[in-house]
Amino acid sequence: MRRLTYGQAISEATVQCMAEDPNIFVAGIGVDDFKGIFGTTAEAFRRFGPGRVFDIPNGENAMTGIAIGAAAAGKRPLVVHPRNDFMFLCMDQLFNLAAKWRYMFGNRSGVPVVFRGIVGRGWGQGATHSQSLQALFAHIPGLYVALPASPADAKGLLVSALTGDGPVVILENRALYELEGEVPESLEKVPFGRGRVVRPGTDITIVGLSLMAYEAARAAEILVEHNVSAEVIDLRCARPLDAEIILTSLRKTGRLVVADTSWALCGVSAEVAAIAAEKGWSHLKAPVRRVTPPDCPAPVAKPLEDAFHPNPLTIAQACLDVLKAGVPLGARVTDVQATFAGPY
Amino acid sequence: MNREERLLSEMIRIRRVEETLADLYPSQEMRTPTHFSIGQEAVAVGVCAALRRDDVVYSGHRCHAHYLAKGGDLSGMVAELYGRETGCAHGRGGSVHLNDPEAGLIASSAILGQTMAVAVGTAMAFAMDGRDQMAVTFFGDGTVEEGIFHETLNFAVMRRTPVLFVCENNGYSTHTRLDVRQPAGVPIHARGASYGMPSRLVDGNDVFAVFDAARQAVAHCRRGAGPFFLECTTYRWREHVGPFWDYDKGYRSKAEVDSWVARCPIRRASERLIAEGSCTTDRIAAMERASQIEVDAAVAAARAAAFPAVEDLTLGTY
Amino acid sequence: MRRLTYGQAISEATVQCMAEDPNIFVAGIGVDDFKGIFGTTAEAFRRFGPGRVFDIPNGENAMTGIAIGAAAAGKRPLVVHPRNDFMFLCMDQLFNLAAKWRYMFGNRSGVPVVFRGIVGRGWGQGATHSQSLQALFAHIPGLYVALPASPADAKGLLVSALTGDGPVVILENRALYELEGEVPESLEKVPFGRGRVVRPGTDITIVGLSLMAYEAARAAEILVEHNVSAEVIDLRCARPLDAEIILTSLRKTGRLVVADTSWALCGVSAEVAAIAAEKGWSHLKAPVRRVTPPDCPAPVAKPLEDAFHPNPLTIAQACLDVLKAGVPLGARVTDVQATFAGPY
Amino acid sequence: MNREERLLSEMIRIRRVEETLADLYPSQEMRTPTHFSIGQEAVAVGVCAALRRDDVVYSGHRCHAHYLAKGGDLSGMVAELYGRETGCAHGRGGSVHLNDPEAGLIASSAILGQTMAVAVGTAMAFAMDGRDQMAVTFFGDGTVEEGIFHETLNFAVMRRTPVLFVCENNGYSTHTRLDVRQPAGVPIHARGASYGMPSRLVDGNDVFAVFDAARQAVAHCRRGAGPFFLECTTYRWREHVGPFWDYDKGYRSKAEVDSWVARCPIRRASERLIAEGSCTTDRIAAMERASQIEVDAAVAAARAAAFPAVEDLTLGTY
């Protein structure tokens, strides 16, 4: 099949959906500039022009309400945030209105607003530009929260968002943008709430989403050298969250490690561990382990940053610990962004 | 009825509905925090009378009058306050989430300023599609202080959206007077004008003045000239939330309340039409009777209606 | 010891701390009006006047930043939100600045800002006025998040907040305001991050905080009739969260039910279950059970509202299920707010 | 040095520092997104020269010039960009979180508008304690569109806080021109005035004009007359974030950039002082040499300094 990068897949999904549905428009800071949100909106702007792809004044909260109102009138707004961290400013519109719209107005209709938020990572992005807010978006009922880990899912989940009926938040990890993979040319949807087995295995299950599904797969490679067969699960969505795929894998492996790009406390990693404790308890042969950033904001200094982000080594080490095969890992891995040259 | 009479009778209808609900409220059957518009009817009636049915209105927590003036279904509203399945939000939303899309009342919300931005989004959608509909958002003087007010007005002007901002200035945000919340010498209509859109101040207790101003504003929006701002001065008679009078609570005087009751928009409209000979006390009494019959029937129907079924608790979620 | 209501305890803590520390001031919508935030700020206003207890214009986000700036200059702001739901509007200042201040500015100093948010419950408060946001506040490092369940803790945790060095969010459940209990007259602190055993037991552990700790105790009463001895743990804080007290209890009971006023997905109930799966796995004799609101916004209609909120019966039933003593509960309990007369 | 010379030399120092760092930046040793102030130095220098050391300043993402002009420690800044333990934020904050409380630069932040409100809070605290200190917040023209701008100005006026709002209007928010973001006919200084506070427009590339305006503003705040608003027009020479020129990127023309380079605040100040005979090219060259030596030393020290220890990753959290 034809291969695209993660970023190209996002662009293609946007352009193809816009060609299909004249009600889709793209709005956000810089969606029409020469950078075009790391290239993901540039082609849409070229094809559909300023009438359907337009820059906005600053003002995240109002823009969110404006998107909701446009959706209430039949439009399909796609709002892009260069960093998901800026979305703290629109949580009222997101949680107190978009997420509750269908329910609190009596189940007449939903508001099909789609928000893309980019998760910065590394290169000194620091405390307010490299958070990954899936846990916050997932906690409050009403939103679909998708975090694609592959180019195919980056396209398929965005297609589901732009053709679905509910408010959607898609978080894209900047470190995945250059990742290449096979992507169907047609408009195939990837349904919300259904995870995928990235790699089958028998000894232990590693669950992650977004960048952590990718890093988990790299961890599984390392584990092979230690004769450990790890099954890697990509949840794809934080809400709805696919409990079944986790339990199915646990039935086979009996062991679970969860990796997440965000903190442990009340995070997606907590939810996955809770599902195991609630519904997978009888399968568990060992304690669950969470691999997450430590309990501090993202630092800037390179050595701290390297220690802050979970990586294939820390994930693999956690697996060996669970398996009591506690060999300290000699292997070194190259950082997922090793070749990245700043400024961001 | 001619138009003047219709404006009057619509105000009377809303007053009858709200006073009736206020009288019943203490019985604890309407279990939903309720913000009555009694005394402020002229703003809702005057503005909505200048709209087409396919224009849309967004409101906030004090939404009863806007809902009814735009043509929202009365029995759906009453049933919603009684938490019944027959309510306009099927008992899920309560008093602050009235909506009747068929009538063009798209949504109300209890978080200050939310629907200001939403109205601009709907207006933008109309403009993008070349439709000649427009949107109106009602909000209070307290909402003017929220950041979203600023972001929204700036955006509305930059995109020339056909939206009418109607600030219902009743002088208070909960129990706090306007003069301790906003700078002296900067009236709210001037703030609206400061974004470069036409802005007017009008007596919000004079339904005819409101209607005339709204007609001008609607014409402006309809012709694609961008947003319009209307500040309507009025006054809330009852407590901020709930059915009772509260001039004994210390934050405002009985004299102040009385002075506004004396300026009752219904009395003023009645007196004028009677003086002009275009209406009579009999006709007005008839309007009141008709409204009373209507609201009594709505209450009876609501109380007889079924509550939502517990099995449907999560209906409308995936 | 002398008894006070939960609301009176909050008022007393505020007044006593203000008398001790002239840098403390109270700001918020209506803190100086005749209602005085359900009576909790009225006495402070009477004693210290408008210079230290003052009303504010609307504008949650700016007020939060203003409090942070005052704290940076040596003040101790206590900001009160009549509903914690309004805090969605100040999450940027809370999470992107207050919570990160100490760390991202190089560990020079913190900002001792204290935010009280009241959780509405029942009586048709509905979708946007009866949420309970502890999970969101707990996920991001940097805040202390306290949820007192008793009058003594309502005082002691507020005293810790007003004498501590970090940003604190205190969530108070409106349904607890009239609850009476013993409260020390002096300024005793209740430290953050340390839970309490509300009631000792041997068969099963019930963990909760805020209103759910109270309801769990009522559930334990019901369970006595079924010859079940339940140990009730009140976490007191969502961050830091007292894992030790949970594990200590699990060692004894081997069984766990968690109740929370907020949703399950990525909630505090998920974190507690995750702690059991990670660190308490070897003690667990049965699956963990979560008792939370269903996955929808809070409805208004009374029958739906009654079914929405966890209560002593649903908690007790979950315990019986875990113990496989699956007798359906006949008992009826009166709602915690049964005597409440509206409007709210 | 007399005051005029000091204003000039301070600008030269900041320019030398930033141009030196910009030259080194591509080597990828400073791993932190960096917003250079090259071309905008006069605003920071003119305003801070009117302040006392115990007055406080808050900045945003483009904070280098404000930090240095307020007296922030140079080696601490350079080390911070190099992510070293010796950095002013111990390598935890990076370029956008410069702070030096001893010098009165309390905090900078990368989220638009955050520190506007924070500055008002600090100013309010000064007023509550009867101290005669004041606070300044620097922000850009893009930040004016954020809701917090509106909430903050309203609050500052209502409480008469001793705060100076300095809008550094460089005509762009990232790559978006002001005229597509804010209404025509509503200049930013007029928006400031619309809240009922004194507001002035000043040529932000004329350090002497900025200084005079700031002195007037500071006197106003200091005497307890409340907030003051200052709009300073200027221009960003380099790309929004990063060290390079970007007139080839299409969002602005080389001619536009050149026209502003021709209005370089340093050149203008130099020419005026030389014309007045109060300074010479030799003295200016000496200033440049001295600054270069200082920044070279700071860079050398930063590169020689240790990174934070990984064991200290969570230091400063409970």
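Think of it as A, B, C and D in the order they're written, each chain with its own count starting at 1.
Heads up, the rule we're going with is that contacts are C-beta pairs under 8 Å (C-beta built on N, C-alpha and C of every residue); 3 or more make two chains touch, one makes a residue touch a chain.
This structure is a prediction, so every number in the text was calculated from the model and none was measured.
Novice: What is the set of chains touching both chain B and chain D?
Specialist: A chain counts here if it touches both chain B and chain D, which gives A, C.
Novice: So which chains count as neighbours of both chain C and chain D?
Specialist: Neighbours common to chain C and chain D are A, B.
Novice: Let me spell it out: compute each chain's centre from its C-alpha atoms, then which one is farthest from chain D's centre?
Specialist: B
Novice: Whole-Å distance, chain A centre to chain B centre, using C-alpha means?
Specialist: Their C-alpha centroids are separated by 42 Å.
Novice: Compute the distance, rounded to whole Å, between the mean C-alpha positions of chain A and chain C.
Specialist: About 30 Å separates the centre of chain A from that of chain C.
Novice: On a C-alpha centroid basis, what's the spacing between chain B and chain C, in Å?
Specialist: A distance of 36 Å separates the two centres.
Novice: Going by the touch rule set out above, which residues of chain B reach two or more other chains?
Specialist: 87, 89, 92-93, 97, 109, 111, 145-148, 150-151, 154, 158, 180-182, 316-317
Novice: Which parts of chain A, given as residue numbers and ranges, touch two or more other chains?
Specialist: In chain A, residues 57, 59, 61-62, 85, 89, 92, 96, 103-104, 126-128, 141-142, 295-297, 299 touch at least two other chains, as defined above.
Novice: Treating touching as the only link between chains, describe the layout with one word: line, ring, star, complete or other.
Specialist: complete
Novice: Using the touch definition from the top, list the residues of chain B that touch chain D in their complex.
Specialist: The contact residues of chain B facing chain D are 145-151, 154, 157-158, 180-186, 190-191, 194-197.
Novice: Applying the document's contact rule, which stretches of chain A touch chain D when the two form their complex?
Specialist: So the residues of chain A touching chain D come out as 29-30, 33-35, 55, 57-62, 85-86, 89, 123-129, 294-297, 299-305, 307-308, 341-344.
Novice: For chain A, which residues count as touching chain B in their complex?
Specialist: These residues of chain A touch chain B: 25, 51, 56-57, 59, 61-75, 77, 92-93, 96-97, 101-109, 141-142, 144, 166, 193, 240.
Novice: For the complex, which residues does chain B have touching chain A?
Specialist: Against chain A, chain B makes touches at 56, 58, 87-90, 92-93, 97, 99, 101, 106-107, 109, 111, 114-126, 128-129, 135, 147-148, 150-152, 154-155, 158, 315-318.
Novice: For chain A, which residues are in contact with chain C within the complex?
Specialist: 61, 85, 88-89, 91-92, 95-96, 99-100, 103-104, 126-128, 131, 135-136, 138-142, 238-239, 241, 262-271, 273-274, 276-279, 281-282, 284, 286-290, 295-297, 299
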